[in-house]
Structures are given as structure tokens and as C-alpha cells.
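Sharing a structure with you now.
As written, the chain order gives the labels A, B and C, with residue 1 at the start of each chain.
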Amino acid sequence: MAMSQTKSDVVELTGGLESAVSTRNISKNYGDVEALRDLSLEFPKGQLTSLLGPSGCGKTTLLKIIAGLLEPTSGEVEVNGQMVTGPGKDRAFVFQDFALLPWASVIRNVAFGLEMRGVAKSEREDIAKRYVDQVGLSGFENAYPHELSGGMRQRVGLARALSVDAEVLLMDEPFSAVDEQTRRKFQEDLLALVENENKTFIFVTHSIEEAVYVSDQIAILLPRPSRVHEIIRPSINRQNGADSIRRDPEYLDIVDAIWASLRSYVE
Amino acid sequence: MTLFGYRLPGMSSLLIWGLLWEIVGQADLTFFIPPLSEVIGTLFQVIQTAAFQKALYETAYAFIAGVLCATCIGIPVGILMGKSRLLDELLLPWVNVFLSAPLTALVPVLMVLFGFGMKSIIITTTLFGIWIIILNARAGVKQINRSLVEMAHSFGAKPWDAFTKIYFWAALPEILGGVRIGVIRAVKGVIIGQLLISIVGFGALFELYSANFLMGHFWAVLIVLFALAFTISEFLAYLERRVAYYAAKR
Amino acid sequence: MDRALVLKIVSALALFGAWEIAGRIPVSYSFPTFVESMAALWTMSVNGTLWAAYGETLQPLVVGVAISAFLGIGVGLWAGLSKVFDWLFSPIFIVMQAAPLAALIPLLVLAYGIGLTSKVLVVCIMAMPVIVLNTASAVRNTPENLKEMGKAYLASDPAILLKIVIPAASPVIFAGLRLGVSAGFIGAILAELKITPTGVGDIITFSRSIADYPSMYAAIFSIILLAVLFLNLLEKTESILFKGNQRGYVSD
């Protein structure tokens, strides 16, 4: 079903919540290839929205358009009332392959965003140190990326994104390049993060379980043509501890339902 | 790069430089740069002279002999170094030293030990080319995926079979890369050898032409030499590309 | 002492030992022993001829290498960043790289005489191509994801160049510098052996002409030693400037 929205639709769809990010009628063409066609989506403030879908559905493309790393062929993106024309201080990005500077230490990597914003060295290293501690990497400030495991490297990436104190955190399949156990831990940590930080999270994933586990809202995207297929708002009780979520009946039902509807789209 | 939407081939700017050469030459700006057209004309003349063909023969002889020695000695040594840690630790420092050392400095030693003839030139050529061949052969062997080795083992491959059917091919892209660079170095080696040791081959021609201020001839022969070196290098690059399809995925 | 160092020393001793033995056989009347050559080296150092000679040899070498490094890296950066510049100028350096430029030396001497200029030019034409090509290639192959990350974190274009592209390219640039420097060395020695009797090249040719083989071998040994020391210095510099380069390039 088409998802062109008016303001009232939006308010209804997001359960009465304010939108931090609005994408309206986004199209993106690469030559003849239509990566996104007339896609509109709202992202509620202070919540985590997942973009879920099989490969080729344009979810990473949409994320990068919101980040300002790609320009849409048509359509517009609004973040907290401002139109997006490029990367900005209000958005921070976490990369799938970590994108750490291999020649720089952990602390320098975490402080990189602040460095680019002109923050003085001692100040930015202090701020960076706080976030290094927060993601659990205390003691590794002077280590280099090649000395760290995959999970630790992604924590550096996360610390970097947090340290610039942006209102919107964009995460591009951040846990797909780490092992299963680390991934589970990260998902738990992410829940805590969403609780404690007053930020809007946009999270791209291809894992149904992951999306249902962490999200307040899931936007299911399908390819060819790329469109929003469905928006789901899981109302899972997350207060009883992270471990109980995966046994919650609502969790299991939603996962099954999504898989049932996506099955036919898997190549 | 593209111009008006057409992709320009890689080295096509050489046409512009060629044009510049022609203009500079015609303007007679310096005695040392005759017009390109004159050089090309001379080129066709020179190729047919007996002196040129003799020089070509002598140079080719030394070059081919040198390259053969460099590859026949270099590749096995490199392979052995890649396989044996002891040998590697003993020889690698020296290979690195001679790779970056100014080999030209060794030429007087060769002259003194082996005389002023073809032998010294061939040895010079070999020396110039061998070190990079050794290093690349070694690198090729070292990066062979352990899984391939274990696989060969588990299927009971005999050492000779394992070598010819697996290791050789797995290391081949690097070996070819090394040979290509080694060949270019060997070309420099043969020319330097000829300039320093005994004035034969192209070295003799260069001396002759520059001494007699025959700039057109000088550049013509230089272009021929360069064209030869480039052709050989491109041929080896072609071979490299033929095996490159699996190179990245080993 | 760790194993690698021990084996290095052992292999050095083996080589020098073989040299000594070969000299005693003797392999050839013109092949002195290791000890004789070292004695000659000592003599020349003590009486100052060696230092004076290097003073002369090193001038064009240092100047030429410095020019080649600055110009070469600059041109390489430009070629790596600008497609037009790359298309226009890279072929020249590719040709220079493959051609036996040594043949041009007599020509350069004809044009510029036997002074410092022609020697510096010789060093430059030998050293620059590989520096330019390596730098250009490294810049062109900067990992895309790092540049994207820079953009995402609001790095300006100059910041991306200085803080991402150049550090990412530095290992390959340094490799190019090492190759360029050793090519420059070859050029400097060649110029001295062939054209003008100065510096260390002169010691070599002169000693040879009066059959003072220990001195000749001593001079050659010293050149090779110097080249090796200098290149090791270059490696050390790289590891100090770019500490993370040891086993870098593991962002994925």
C-alpha cells in the first residue's frame, strides 16, 4: 500500500509521537537502477526505528540519504525541523565495517568526530575518555584497531558516534560483522542505551529477531520496487530483563509473522 | 578520464606530449631535442642498419641470458625461502640489502673479477633482476592458504604433485609480478652494464651517437629500447592478468 | 637476543667468512680478503679520504633525493586526487619508470656539464617516477569507507586529505620513497663512475686503476652499508611518524 502521508496520518501512524526525522517521497536512481522510489517514512523522536528487509530493498541507501552522505534524486528529508542538505551535527553514523582509522589509537578514533568539529585536544580527549569507559573499553585507550577484536572495534565506532552528542543516531547493520555472542550482548546494551539516552535511533538490519528485539518501531522494506511494506510497533514488555524478551509470546508471534510475510521475497 | 562523454584510453596523453615534443623540436629550442618527426624518421633508418642489428643482438643476448639466470635461480631460491624458516632468516636480510643497494657499485667488482666482456654484463643483468624475483616468489609461497596445504595432505598428494598442481599455481600471480618487475630492472641492468663495463650493444650506440651529437639517432634508439622493454613488460602483465582471475580469491 | 637477530649476525658472519676464505684461496688475484678490505676502509676513514669523498658524493644525492621526495609526493598527491592531472602526467612517469634512464646520463652531462646540476638531475630522474606513481596509486586507492566516515563526521575536504587520505597512503608512499632513494643512489654512483671522477666513485675507479683492490672493495662496501643504513633510517622514520602503520589496514 502506498505510504504518502499527510501530517495527520503521520501522527496516527507514530502513535501520537513527534517525528524526529521525516523522509518524504524519496527517490534514488543510479543510472537506470531505481534504488528507492517515492518512499516516505516517519521516525518518532526518542525511539528506535528499524529498517528491516532483504538485501536490495534500499534500507542502507535510505539511511545514508538521511545521514546526508547520499543525495536523493528527488524528495526531501527533515530532521528536527531542518532540511537535510548534507552531513550535520544533529546526526551521527555507525558503520557496518567500523570505518576506524587503522593508524590511530582508540582514544583518537573516538575523538575524531570532535576533532572535526574543532574541539581542542585536551577537551576532546576528556570527552572521548568518558565514552570509551561507557562502552566498556577502559584500559584500551592507547590500543590500535588491529589489536582489538571485531566487537571491540565496533564499540569504538559506537563511542565515536555517541561522543558528538547528536540527536539522531544512524546505525548501518552495526552488529552484522561480529560474532553471535557479541551480537547478543550488543543488542542488550543497545536496549539500555535507548532507555538512557534521549536520542532517536534509526537502525538498519536484515535480522528479523534483532529488529523485533530492539525496536520500538519496525519499518519493513521490500525491494523492486523499494517500498515500505508495513510498519509494526511491537509492544513487548522489556522491563523484565533482557533475557525474558526472547521468550515473550508477543516477540515470538511478531517474528513469525514478519518471516511469513517476507519469505516470498527472499531471493 | 572523460572528455565530452568519451572515455579516453589510459596512455593517450602521450599523444599530447608527442605533439609538444614536435613543437619544441621544430622551434629548435634546444639542440638536444630534435622534432619527434625527425626522430621517427631516423628510427626507421636506424633499425635497418647493421650497427643497430648487431647492438640489438648483443643486448638481447645479454638480456635474455641474464633474465634466464635470474628467474632460474631466483624463483627456486625464493620458493625455498618461503618454505623454510631457517633459510629465510639467514638469507632475507641479504636479499633486502641487495634489493635496495646501489647495485651499480658492484659493477666494478664484476669487471675486476670477470673481465670486460659479455660475462660481466650478463652477471650484472642477473644481479639487477634477481632480488625482486626472489622476494616475490617467497611472498607468493608464504601467502599460500594453509587450507590448501592441508587439503593436499589430506588427499595424500605426493610432494611433486602438490608442488606442480597446487603450490606453483597458488604462488604464480606473485611470481609473475616479481618476474615482470625483475625484467624491467634487468633492462636497466643490461644498459648500465654496457655503459660501464664494455661498450657493446646499445650502450655502444648511445655513446657513439651522443659523442657525435646525433641527437635524432640517440632518441630513436632510446625509443626503440623503451618500446622493447615496455612490450616485454606488458606481455608479462598480460600473463599476470590471465592468472589474476583467481589471484584475489586464493 | 632474539632468534632473528642471532641469525642475522650468523649470516653476516657467514658471508664475511666466505669472503675472507675466497680472498685467501685466492679466487682471483684481484679479490682481497675481508680483513684486507676492512683494513683499507679503516685507513681511508682515519686519513679522511673517505669522508671527503662522501662529502662530494652525498651532495647531489641528498639534494636530488630531497627534491624528488617533495616534488614527487606533491605531484603524486595531485595525480591521485585529480583525474585530469593523472591522465595528463602519469603516462610520463610510467614511461620513465620502465625506460632504462641510465642511458640519458651522458646526454645530461653534455647538456649540463659535469657539475652539481647534472648529478642532481640524474638522481632526480632515477628517483622521481617511482615516488610519483606510488603516491598517486596510494591516494587513488584510499579506502572509500574511511572517506565516507570522514564526511559523516563533518570533516572538511582539506581535513579529509590531511587526516585520512595521507595517513592511509603513507605505507605505500614510504615504500615508494625507499625505492626512489635506492634508485637515486644508483644514479649518483653511476654518474660518478661513468662521468666525473669525484667522491666515492672516484675512489673506486682510481683504486682499480692502480690495482689497490682492498681500497676499491672497501669503498664499495661503504656505499652499500650507507645505502642500507639510510633505508633503515627511513623505515624507522615511518614507524615513528605513523606509529599505527605496523600491521595497519585492518578496518574490516
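Note that a residue touches a chain if its C-beta (ideal position, glycine included) is under 8 Å from a C-beta of that chain, and two chains touch if they have at least 3 such contacts.
Note that the structure is predicted; figures quoted are calculated from it, not measured.
Ranking every chain by how far its Cα centroid lies from the centroid of chain B, the top place goes to A.
Of all chain pairs, the one joined by the greatest number of contacting C-beta pairs is B-C.
Spacing of chain B relative to chain C, judged by their CA centroids, is 19 angstrom. Chain A and chain C have centres, each the mean of its CA atoms, that are 49 Å apart. The mean-CA centres of chain A and chain B are about 52 angstrom from one another, to the nearest whole unit. On the chain C side of its complex with chain A, the touching residues are 145-146, 148-156, 159, 163-164, 167-168, 170, 242-245, 247-252.
Contact residues of chain B toward chain C in the complex are 1, 8, 10-14, 16-17, 30, 32, 86, 89-91, 93-94, 97, 99-109, 111-113, 184, 187-188, 190-192, 195-196, 202-203, 206-207, 210, 218, 222, 225-226, 229-230, 233.
Here chain C touches chain B in the complex through residues 3-4, 7-8, 10-12, 14-15, 27-28, 30-31, 83-84, 86-92, 94-95, 97-107, 110-111, 178-179, 181-182, 185-186, 188-190, 193-194, 204-205, 208, 213, 216-217, 220, 223-224, 227-228, 231, going by the rule given at the top.
For chain A in complex with chain C, the touching residues are 67-69, 87-89, 92-93, 95, 97-105, 112-113, 115-117, 144-146, 153, 160, 164, 177.
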